[in-house]
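Heads up, the next two complexes both have subunit A, just with different partners, subunit B and then subunit C.
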Partner chain A sequence: MAVETFDSIKTQTLTSSTAGITFSDIPSGYTHLMLAVTAIATTGNTDIGVQLNGDSGSNYHFQMMYGNTSGGNGTYRTSTPTRMQITDWSYTDSSTFNNCVAYFLNYSDTNVWKTATGKSTRGNTGGGIDVYQNYWRNTNAISSMYIFGTTGNLNTGSTFSLYGLKAS
Partner chain B sequence: MPLLTTQSARSYGFGLQSELFHSYQGLASYTVGVGGVDNISFTIPSTYDHLQFFYRIRTTKNATTDFVNVRFNSDNTSNYNFDYLEAASSTSTLNPGVGTKATNTAGWLTAVVGGNATANIFAQGQGFIADYSKTNRNKTMHCLGGYDDHGTSIGNSRIENTVWFSNNAITTINFYPESLTKFAQYSNISIFGIKG
Partner chain C sequence: MALTHNLIQTRRLVSNQTTITFSNIPQTYTDLRLLVSARSTATGQVRRYVNVNINSSSSPQTYVRSIAYSTNNTVTDFDNVNSNYLVMTTDGADSGVFGIGELYFINYSGSTNKAVTCTSGALSSGNSEHMIGIWGATRSTTTAITSLQFTCEIGDFVAGSVFSLYGIKKL
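Coming up: the complex of A and B.
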C-alpha cells in the first residue's frame, strides 16, 4: 500500500546576511532527504557548502561537471575538502539566485558513507549548470546539516528547504 | 505534513520532475543483503503518471567500474537506444564525452563502481520515466548521477537517456549489472510514483 511520502521537514528564509544556517534534529524516518536551496552571496564567486553533523574536518570529497558561458565547460574534483558543495559561484552582481536540489540518499543507513547528488544552476549573467557527486566519509546517520557560503555570507532572501522522501 | 502539491519544489528549479509534482508516493525500496543479488526487479502498478527512482549501486565485478542495464517488461530484444553525456576519467581530471548506442537489447541506467573501487564507495543518482503507462508512445527514461572514488581517483558525472521502442505500459523494471556479476551488499534502489 503506497503512502504519501513527500514531506516538508524544515524551511528557512534569510532576513539578513549570515554565514550559514543549520538544520538540526533531522528525523531518521525517511528513505532520502531532498535539500532545495536558492541562494545569493555577499561576495562574488561564493560556493555553497554543506557540512554534516558538525564535521568540519577533511572528511569529504566531491566532483562536479559544469557548463557556463562565462567560464567555459569542464569538471572539478577535490579529494580532501572540509565540506560538500551543492552549487558553484554565486555572484553578488546578479539579481538571479543560484538554485540547487541535492539528494542525500539513504541518509540514515549506518552501513555506508553518506552522499549527496544533484544539480544546480548559477545566477551569474552567463548562467551555468552543475552536476555533482559528494561524499562524506562517515557512516553515521545524518542528523544535522550546516549550509553556508564558502567565501562570503549568504544574503537576504536566500531560502533553504529540507524534505523527506519515504519509499515504503 | 504530507505535501500533495509542492509548489516550493517547482520554484526551486527541480527540473522536469518539479513540473509534475502533484502527488508523490513511495512504492518500494530494496536494499541488497549479504552475498549480493543478480538483479533488482520491481512490479509497477499502472495508477501513476510518472516514475522516479533513486539508486545507490556497487557491483561485484573484478574492476573499479561497471555499468547497469535496465529492461522493461522482460523485453530482451533490440528495442532500446541510449545516449549519454559524461565527465569521466581514471585520473585527477575528468574529461567530457558523449556516446550513443542503438538497437541494444537493454537500456542503460548508468555507470557505477565495481568491486575493486574503494570500500564504501557507491554510485548514486536518480532516474525519471515519464508517461510509463501510456500506450500511445515509446517510453523514455533519463538519469542523472555518478560517482567519485576517493581512493582510486576514478570519477564520473553523467546524464543518460534510454528509449524503449514499445507502446506497452511498463509493468516491470529489471536492473542488472552489465558485467552479469552481482549488485553488492547495501546497494539500494527505491522507486516512487507521481500522479498528475
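Coming up: the complex of A and C.
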C-alpha cells in the first residue's frame, strides 16, 4: 500500500519583522528534510542563513553558483563560514518576496557530516536563480534550525516551512 | 486524502556496493523524484560522476545540457551527448562528506522522450575540484522508464550511501 512520505513538520509565517526563526525539536523519524522559504527583507537585501543545533562556529562550508540580470553569472565558495547559506539574494530589494528550497539529506544519520543542497530564485530587477551546496562539519543529528537574514531582518509575511521525507 | 508524494523504494547501503538498481518501477505516477547521498571508494580526485542507466540500456541516446556547473570558482556552460550529470564525493574528499543530488524524471511513463533535471554537488574544503551544477538531460526513447541503475564512474558506492526514489502524482 502506498504510504504518504511527505509530511509537514512545521510552518511559521512572520507577523512582525525579526532577525530569524528557530525550528526546534525536529523529529528524527524521517530520512530527509526539505525546507521551503519565501522571504523578504525589511530593508535592502539579505541572504538566508541556516545554523544547525545552535552551532554558530566556523564549522560550515558552502559553494554557491548564481546567474542574475544584475550581477551576471558566477560562483563563490567559503570554507569556514559560521552558517549554511541557502540563497544568493544580494541583488534583490525589500519589495519582492524571493523563494528557495533546500534538502537536508540523511539529517539524522550520525555517521556523516550533514549536507544541504537546493535552489533559490529572485524576483524584481535583479532576478535570477542560484544553486548551492553546504555541509556542516558535524555528525550529530539535526534537531534544530535557526533560519535568519545574514545581513538584515526578515519582514512580515516571510514564511518558513519544514517537511519530512520518509524513506522507509 | 489523496497521496501525492509516495516512497517507491529506498536503498541505504550497509556495505560497499557496485550497483544500485530500482527495478519494476510502478507506472502509476506522473513523475519520479530521486534523492541521492553518495560517496565513492575512488581515490584521488575529490568528486566523480554517477552513471545513470535507464532501462538497463547504456546505448548512446542521452543528450545532456548543463545550464552551468562550477569547478575551481568558474562557471562553465556545457552540452554533449552521452555525458553524466550526477556527482558524488570520493575517498579523496573530506571524511564524512557525501555528494548530494536531486533528480526529477518528468512524465517518465509517457510515450515522449524522457527528460530529467538534476541539481547535484560534491564539495571538499580547500579543494578546487568540487562541483555543483544544474543539468538537464533528454533520452530519446519513447519507452516508459521501468528501471534505473546507478554505478560509480570509478570505484564502488560506500556504505552509508542512500538512494530514495519517490513517485509524484498529479491530482
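We adopt the following convention: the second predicted complex is superposed on the first by the 157 of 168 C-alpha atoms of A that agree within 3 Å, B and C clash if a C-alpha of one lies under 4 Å from a C-alpha of the other, contacts with A are read in each partner's own complex, and residues count from 1 in each chain.
One rule holds in what follows: a residue touches a chain if its C-beta (ideal position, glycine included) is under 8 Å from a C-beta of that chain, and two chains touch if they have at least 3 such contacts.
Values in this document were obtained by computation on a predicted structure and should not be read as measured data.
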| request: Return fit or clash for subunit B versus subunit C, each positioned on subunit A through the superposition. | output: clash
| task | Would you sort A:132 into first (subunit B), second (subunit C), both or neither based on which partner it touches? | result | both
| field | Touched partner set for A:38, first subunit B, second subunit C, both or neither | value | first
| request: Go through the superposed model and pick first if A:121 touches only subunit B, second if only subunit C, both, or neither. | output: first
| said: For A:28 in the superposed arrangement: first (subunit B), second (subunit C), both or neither? | reply: neither
| said: On the A-aligned overlay, A:140 touches which partner chain: subunit B = first, subunit C = second, or both, or neither? | reply: neither
| query | When the two structures are overlaid on chain A, which partner does A:161 contact: first (subunit B), second (subunit C), both, or neither? | reply | first
| said: Just to be sure I follow: which residues of subunit A are touched by subunit B in one complex and then by subunit C in the other one? | reply: 2-6, 31-32, 61-63, 65, 73-75, 77, 79, 103, 105-106, 109, 111-113, 115, 117-119, 131-133, 135, 137, 139, 165-168
| field | Interfacial residue positions of subunit A with respect to subunit C in the complex | value | 2-6, 31-32, 61-63, 65, 67, 73-77, 79-80, 103, 105-106, 109, 111-113, 115-119, 131-133, 135, 137, 139, 165-168
| What does subunit C use to touch subunit A in their complex? | 1, 3-7, 10, 12, 35-37, 67-70, 73-75, 94, 96-98, 100-102, 119-123, 125-126, 130, 132-134, 160, 162, 164, 166-167
| Of subunit B, residues touching subunit A in the complex | 1-4, 6, 8-9, 11-15, 21, 23-29, 31, 54-56, 86-87, 92-96, 120-122, 124-126, 144-148, 150, 153, 155-159, 186, 188, 190-193
| field | Touching residues on subunit A, where the partner in the complex is subunit B | value | 2-8, 11, 31-32, 34, 36-38, 61-65, 73-75, 77, 79, 99-101, 103, 105-106, 109, 111-113, 115, 117-119, 121, 131-133, 135, 137, 139, 161, 163, 165-168
